[in-house]
Structure formats: structure tokens, C-alpha cells
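Across the two complexes that follow, chain A remains constant while its partner is chain B and subsequently chain C.
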Partner chain A sequence: MKKYKSTLFKAIAWLCGGFVISATLFVFGYILYHGALNITWNFVFDRPRGVPIGTQGGVFPAVTGTVLLGALSGLIAGVLGSITTVFLAFYCRNKYLGGIIRAAVYLLSGMSSILFGLVGYSILLNILGLPRSLLAAGITVAVMILPYITIRVIKLFEEDSAEVLHASLALGVSKTYMLRKLILPNYSINILTSITLGVAYGIGAAAPVMLTGAVLNAPTPQHVTHPFMSLSYHLLILVSEGISLTNAYASAFLLMIILLALNLICRGLEYFKKRGG
Partner chain B sequence: MKDKAVLYLLASVSLITPAIFIVILVHVFYEAMPAATGLGMLLFDSEGIWRPFGQTPSFSILNIILTTVYVALLAVGIAAPIGGMAAIFLNYYTGRRTARITLAFVDLLAGVPSVIYGFIGLLVVVRNFERIFNMSAGESVLAAGVVLSVMLLPYIISTYSESIEKAKSKYDTASMALGISAEYSVLKVIIPITKRGAAAAVVSAFGRASSETIAVMMVIGNAPIFPRLLGRGQTISGLTALEISGAEVGSLHASAIYAANLIMMLTLSVILLTAYLLRRKLLSEYEKI
Partner chain C sequence: MVKIITTKDLQVSYPNKQVLKNICCEIPKNKITAIIGSSGCGKTTFLKSINRIVEEEGGRLSGDIFIHGKRISEIPKEVLRKQVGLVFQSPLVFPFSVEKNMLYPLNYHFNFSKIEQKNRVKHSLQLTGLYEEIKQDLTIAAHKLSGGQKQRLSIARCLCIEPSVLMLDEPCSALDMKNTIYIEKLLVELKESVTVVIVTHNLSQAKRIADYVIYMENGELIEADDYAIFSRVC
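Entry: the complex of A and B
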């Protein structure tokens, strides 16, 4: 190969690598820098105020609303997702049934987030008559993160499910025993981190909640049938309606910090679990 | 006995996911029917435009479909070469440690929600476009493509990096023994044998790009016109997010939005299936080599 070609290739690779690293640093740096300049304790702990709403005050109900949305959707999707994976990994012996479930998980994971919002809005609100609420949004987000969680946990089990299964069968213990004494204790941390990462993905998405339950101004919901505020939706409205740049920076900062914390904790736990054996 | 009961319980819970998919598909299909029967090919009329509220309402989603494809192609066109080269860079030109830390960071980038990408895109990309291209409003198809391409990078890099690692572990000793340069081995060995993996990554990246909602909606300007690089546009997802709550339930307007989403759903399914088949073929190939 010609010398110049090789040098050119190397230069392009360095350029692209450098671009990706700087783009990554830029995305985090931009939000963290501007956010840190614009955030105050008052903003975190006050409710939205001003005319139009959001120009002043804070986002406390949005923080609590986001946490509640995450908890509700994580609970629903976590239970369904982990049961599905346990079934696929340890119980399902029918090839077609397993194939259908896997295909549905995979297809659902690739659908657009607004599709979940659209169908959630149409079925839950218009047909079933639920109010615009934490419940409707929680179910919608749960459906969106269910395939995400399932795929992560399937990968987890794929590595050594056969080994555990064969050892248990050889020892003649029942599958329920195996599940209780081997699978759950061994994988509980990884299942929890997978669910939490799914929740992080879910609460960051504005599309599924904008039609089903998130509003611009509401107190912390006292009941699942109440509407709620979500940080990501709040940020979307602050930006797209041009309400307040200062508060948009601060909201983005808060959302980013919450998601980064969830991501770092989960990935850290997974990393140490892997290294610890 | 107890095991049997547990089996049935788990099986029925596991069937919820396929049930959800079928319910969504059937529902969208059902809601799209009035538009399909009432408008037929007028949905794709190249003369018609999207004007749901006019004196003579017109519901052609052709421009919207074209914009969706255009933006996605643009984003993949930018992100695939850069991401691919960055993956090569991480595997060949940096130390293991640096590569691992960078990949972890890039992975975190995938966890950033799209509303934040849209926000940064609006303040950085759109504003700079206004300055550079002298536009009165920088919201454009190109801005959406650029923002979207950054969102695709972590995905492309991690998938392609995995392919490279596998190929590298097979051929690196041989390359070293032959004394060929890193560039030669990448160009003549690694890229050719990872081309199917790269294709799978590109196909699924296209799927992701075409289904992205919020970030694109925030920077594209949302005008349902024929897409031009520096002109405004509107994607299927953006149209849905902005208009469905204002469309009367059961109206032709709502139904046309469902029709657009049905097309989206079916296209995405085909894309996902293609990526899956490519990847499965890949696995069997790795077993061979």
C-alpha cells in the first residue's frame, strides 16, 4: 500500500476519533456548564410560577412527578420483563412459543416512542376512559421500556442459564427451588440495574407522556389518576414555546444529573459484580 | 405439580409482550382504515399537500414520508462513516484503557434523552446555521440530520466496535506475523470481513433515525412541505406528536395520522427483521472462520 494512503487513513481515523470524543464531552459539558450557572436551590424546591407559567419559580413537582412515573413504570415493566426472561431462559421448551415472544420483544423495542404515546393516548384515554394521569403515562412508559428491560435481562441469562439449569436438573431439585435459591439471589442486582436503566430511559422520554398524562403545571400527584409534571416534558415545553432559557438550562441540568446518576450507579454496580465473580 | 402451575403462570405473563405488539398493530391498522378507504391513493398524492384544516382539507402524507426518509438517510450518512472510523480508531490507535474509558463515555451518551439533544441542537446547531448560512430561521432538514447523527454515534460505535474486536482477535496474530501495517490490515482484512456487521449496524441505525421523535421535532421546523436540505420539514413522528391531540377522534385527519404511523410501523418491522437476519447470518459465519 502507498505510504500516503496509509497516512491519510490514519489521519481520518484520528479525526473521527477526536470528533467523537469532543462531541461526547461537548454534550455533557454544555449542559453541565450552563446548568450549573443557572440552577439554584430555590429552582429545585419551588413550584413553577410566573406568567406564562414556568418563567419563574422551580420544578419541584416535576422532580417528584418524574420519580413517581419512574417508580410506577419500573414496577410494571420490571415485573413483566423479569418474568418473561425467566420463562424464556428456564421454562420455555417450545421453540415456536419462545420465538414468538422473542420476536415481539425485538420488534417492540424498535418502535418509535411516539407510537407508544399515540396508542396509549388512544386506547387508555379515548377508549378506556382513563384521565390524563400518572397511571396512563406510567402504563405507556412501562410498555415502552418493557422490551428494553427484557432484552438486557435475556443477555444476562444467555451466558450461563444452561449451566445452572443442567446442574439443577442433575441434582434433581425442582425448578421453583432453583429459581428461588439460585437465580434470584445470583441475578437480583443485575435484574435491578437493568430495570433501573430501563426507568432512566423511560423518564427521559417526553414523547410517551406528552399525550397521556404530563402537564405544564400540577402539584405532586396524590393519586395515580391525577395528572403530573415530568422533567423531560417540562424541558420540552420551556424550549419549544420559548418560555424561559434560564429555566430550560436548569431543568436540563437536573434531568441530566438524575439520569447520569442512575446510569453511573447501575453500570458501576454491574462492573463490580462482573469483576467480583 | 407446583412446577406445572408456575410454568403456566410464567407462560401467560410472558405472552403479554406479543399481545401488546398485536394490540398496537391491530389498533393502528383499524384506526388507519377510514383514511385508507376514504382517501386511498390521495394519501400519497404528489400534487396534494398536508392541509387538515383548510377550506378543502387535503391529507397527502407523501412529503412527510419523504422528509422522514431524507432526514434518516442524512443522519446515517453522516454518522456511519464517522462512527465506523471512530470504532477503528478506538481499536487500533489508542491504548486498551483509553478505548475502554472512551467507550464507556460514548455509552453514557446513549443514555442522554432526546429532549436534551433537541435542546442543544436548537441552541447550538440551529443558531449556528442561521449565522453560517444566513438563514432567517435555522430549523431545517440538515439541522435535524446533524443532531440525529450525533445521537446515532454511540450506537454505531459500540456495535461496530464489537464486530471489529471479534475479527481482530481472529486475525491480529496473523497480521503481525506477516508484518503488515495496521492500516493495511484494517483496509484489507478487517473492513471486508466486518462488512455484514457494518451493514446490520447501518440498517438498524436507519430504523432508529427514522423513528426518533422529540429531538427531530425540535429542530426541523415542522412544516409539511417537500424536503430540501436547508428547508423546513416534518417527520411522521413529529406530525403525530404535534397534531394527534388536536385531531378529532374518528376524523379523517386522525385516521391519516394513523395511516402514516402504520406505514412507519410496517417499515420499521421490515428494517428490524433485515438487521436481525444479517446479524444471525453473521453469527454462523463467525463460527466458520
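Entry: the complex of A and C
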């Protein structure tokens, strides 16, 4: 009976694993098949043209806008997330305060992306008076990916922070010295990986940027206060307005390439760390 | 008996539990003091209270601890912890090379030249017998060392900042007989220059190396005496 149960469990596990792999391959394969066929030099490096906009031309401003959005939101969320986790892991002695911050982070992680867009629009644009811009969208996406980065890094620190902290403090060094010489150099690659994955998640979302900074047509932004094009929003408009399904697949393909590149960077960083360690 | 550490009515409690109750004892200078007792009786907490690591874990300390006649609450924590080194039960090396592990506390406490640093690192590693084993490459990653070597590196890392007291929390519990004997020999050699306080479950080990024994049960000090105590507790 035990052997039968074990075999059944193994079969279910294999089936679930197979389903996950198949679903991933199908989604990527489908976009690759439909998108790659429409990728041309002109599509990648030209700006959108035609009436309605997007029926002709390319998506270059959307690609650069997406990359800039990722860089800005990654920078903001990375700094905030790292400081929050360092505070929680090494400085926060008040259990209640720590609990409240953790609860807030987990609550934030469960919010849907459109809510971030709405709150970003209300606070940044309506109350603070920021223009519809890369900056407003960057801040909104940063707040959206902040819990993702924070939770990943907190888990990282929780695994061995107490041991390392006490062994280090027992040598009579200060916490600042420990952070500078031990924690940050040791965990910097893991933190960078978390930020990169967070950015990959953030740039794929259309909802937080469509109310705060992304527009239908704009050149590559020269300043953070300029509006910008984003691949995710461009893709949404192409499909929802029925402008061009072929261009939508091609845009999705480019977005997928950026996400894959970010994932490859993460794998590369992890490999580099293993080799270096 | 010249004493280096004295505790008076030492009490340590965590939010839900009192761990140490009215501990009054003296630890002799340049001797090996073994702290024995059953699991959970507060031996480790006692060690951690001497260099105030217990406070980092959320523990509350009351009563008095004196080192060299000075109340520890009057000594800055960093200075106190430099004077009172602590080696943990599981060998904990930092994720650097052996050399960087040694330089980590050294660079914080001293402004040595490169040559002075090198000499201090070499001397501390020699004390623990690790230098002869890894002298070809001190840049080897510390996590690649064996368990015994890691524990000796932890001890060397403590010794390189010249503490006057070296506390060890069951340093041999995860080691084989060969490494255990090596560390015991090392501690006996070290007591000429450093006061050693060791927590151990192993009564035979305490018998082999201890000059003075503190016996604890349920957070209380039952007896503190020299070697003769064994005839009563064993």
C-alpha cells in the first residue's frame, strides 16, 4: 500500500512539473512563433507610425522607455528595499515595529497592479503635481516591486543573519563596519538579483504606468519629467484597440527578450557569485 | 586565586523566560574554567551575558558583572567584546578567504601596517596550528576548510585581537576525536596568556583540561570549585 501511495505521489509530482514546463514552453514558443516572424530592423529601430498610430513603423521609443523605466524603478526600489531589509534584519529591536513593517510589506505585495496605478495617479499627479512622466511611472512601479525585493532579501538575511550578526558583534566590531565589510559585499549579488527580478516583474505590468506616465506615442524621453512609451502599455493598446495583432506579437516578443535578458543577468550573477565564493 | 571576572546577583531573562537566577561567581585569571550542567541550564546564556551578546538577542541583564574590577556596563560594548572573545558552538567562518576572516576584526581594532597585519595573522594562525596546514594559500575560501579547521580559524580570529578572556561554547561538540584533542591542547597552551572559559557537556573533557569548574542547573549556580568538585557531581 505504501509503495502504491509513493508511486502515485511521484506520478502526480511529475505531472505537475511537466505541466509547469509545458505551459512555460507553450507561452514562450507561441510568442516566439508569432512575434519573431514580424521582427524587422525597421520594427526595432523605428518610431511608431501610421493611423491609428502603431499600424506601421516600429517600437524603438517603447523599448528605450521600458529599459529606462526598469532602471529608474529598480534604482528607487533597490535603495528603499535594501535599507528596509537591513533595518529589519540588523537594527530593528522593537518587535512590534518590525512586525508592522513586515505586515505592511506583505500587504503591499498582495495588491493588484491597477491599484498602484490609481494611487500613483492620485498622489503623484493630482496631489503632488508631477507631470505624467517617466519619474511618476518609475516611482509607482518602484512601490509595486518594493515588497517583491524586500521579501526576497529579508528571507536571504533571515537564513543566516542572526549567526553572522552575533559572530561578528562578538569580535567587537560595530554594526556599521559589519554592514560595510561583511553584509553588503557578501549579499550584494543576491540583492542585485532580487532587484533585477523585481524589475522584470515591474516592466511587464501595464496598469501602473498607463495612468502615471506611459503614452501612445512619444520619442525616447530626454528627461525623467517627460512622458514615455512602454512596451507593456503599447502592447495593451495594440490589442485592446484592435490596431495590429501582428505588431502586438512582435512587441510581446521584444518584451520577452528583455525579460529573458534580465533573467540571464540574474543567472549570470548567481554563477559569478558561486565561482567567486 | 587572582580573579578576572566576578558576577554578583546576575540575572538574565528573555520576554517569556528567566534563564539565569542570582549567579554569583568568580572566574580565575589564566586558568581554564569549565562550565558544566545539563542542556538548557543557562551555560551559554552565562557566556553571552559576559560580553553582552545576550542583549543583542533580546535578553535583559540585571545584577553586576565585573571584568578586571570594572563593571561591564561602564565599558563600551566594542571594547568589552575585544577583551572578551567568544567562539560559538558551530564553527562560523565569514564567507571570505582565511586571510580576510583574520583581517576582518584586526583592521577594525588596530591600525597596523601590511607587514604588521601579516605577522599578526601568521602568529594567530600558528597558535591554533592552522598556519602549517594552509600556509601555501591563505587566500583559500574559509568555507572550504574542514570542521576542525573552521573551528580553529574561529579561535585564531578571536586571538588575533588579543583578548584577555577567551570564551568557548562547546567548541568540540561537532568535531572528531583528533580535532578535539588538538583544541584541548591548544587551550591548555593558551591559558598562559589568556583566561579560558569553556562550556562543555563532556565531563571527561572538563576533567582533562579544567582548573576550575562551575556547575549549573536550572539557571542557578550549584557549585563553583576546583577539580575536586568532580568527585561530587560525577
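For this structure, a couple of remarks:
By our rule, the second predicted complex is superposed on the first by the 246 of 277 C-alpha atoms of A that agree within 3 Å, B and C clash if a C-alpha of one lies under 4 Å from a C-alpha of the other, contacts with A are read in each partner's own complex, and residues count from 1 in each chain.
In this section, contacts are C-beta pairs under 8 Å (C-beta built on N, C-alpha and C of every residue); 3 or more make two chains touch, one makes a residue touch a chain.
Values in this document were obtained by computation on a predicted structure and should not be read as measured data.
Applying the stated clash criterion after superposition on chain A shows that chain B and chain C can sit side by side.
Chain A has more of its residues touched by B than by the other of chain B and chain C. In the superposition on chain A, A:Ile101 makes contact with chain B only, not with chain C. Of the two partner chains, chain C is the only one touched by A:Leu165; chain B is not.
When both complexes are overlaid on chain A, the residue A:Ile21 reaches chain B alone and has no touch with chain C. By the touch criterion defined above, A:Asn186 lies against chain C but remains apart from chain B after alignment on the C-alpha atoms of chain A. Contacts of A:Ser174 after superposition on the shared chain: both chain B and chain C are touched. By the touch criterion defined above, A:Gln222 reaches neither chain B nor chain C. Here the apex is the CA centre of chain A, and the angle it makes with the centres of chain B and chain C after alignment on chain A is 100°, in steps of 10. Least inter-chain distance for chain B and chain C in the combined superposition, rounded to the nearest angstrom, is 11, based on C-alpha atoms.
On chain A, the patch touched by chain B and the patch touched by chain C overlap at residues 174. Contacts from chain B toward chain A in the complex involve residues 2-3, 6-7, 10-11, 13-18, 20-24, 27-28, 31, 81-86, 88-90, 92-94, 102, 104-109, 111-120, 122, 124, 150, 153, 157, 181-184, 186-187, 204, 207-208, 211-214, 217-218, 236-237, 240-241, 244-245, 249, 257-258, 261, 264-265, 268-269, 271-272, 276.
The touching residues of chain C, when paired with chain A in their complex, are 51, 53, 56-58, 77-82, 85-86, 88, 90, 92, 94-95, 104-105, 108-109, 141, 143, 154, 157-158, 161. Remark: chain A residues 93, 95, 162-174, 177, 181-182, 186, 277 touch chain C in the complex. Touching chain B in their complex are the following residues of chain A: 1, 5-6, 9-10, 12-17, 19-21, 23-24, 27-28, 30-31, 80, 83-84, 86-88, 91-92, 97, 100-101, 103-108, 110-115, 117-119, 121-123, 126, 143, 146-147, 150, 174-176, 179, 197, 200-201, 204-207, 210-211, 232-233, 235-236, 239-240, 248, 252, 255-256, 259-260, 263-264, 267.
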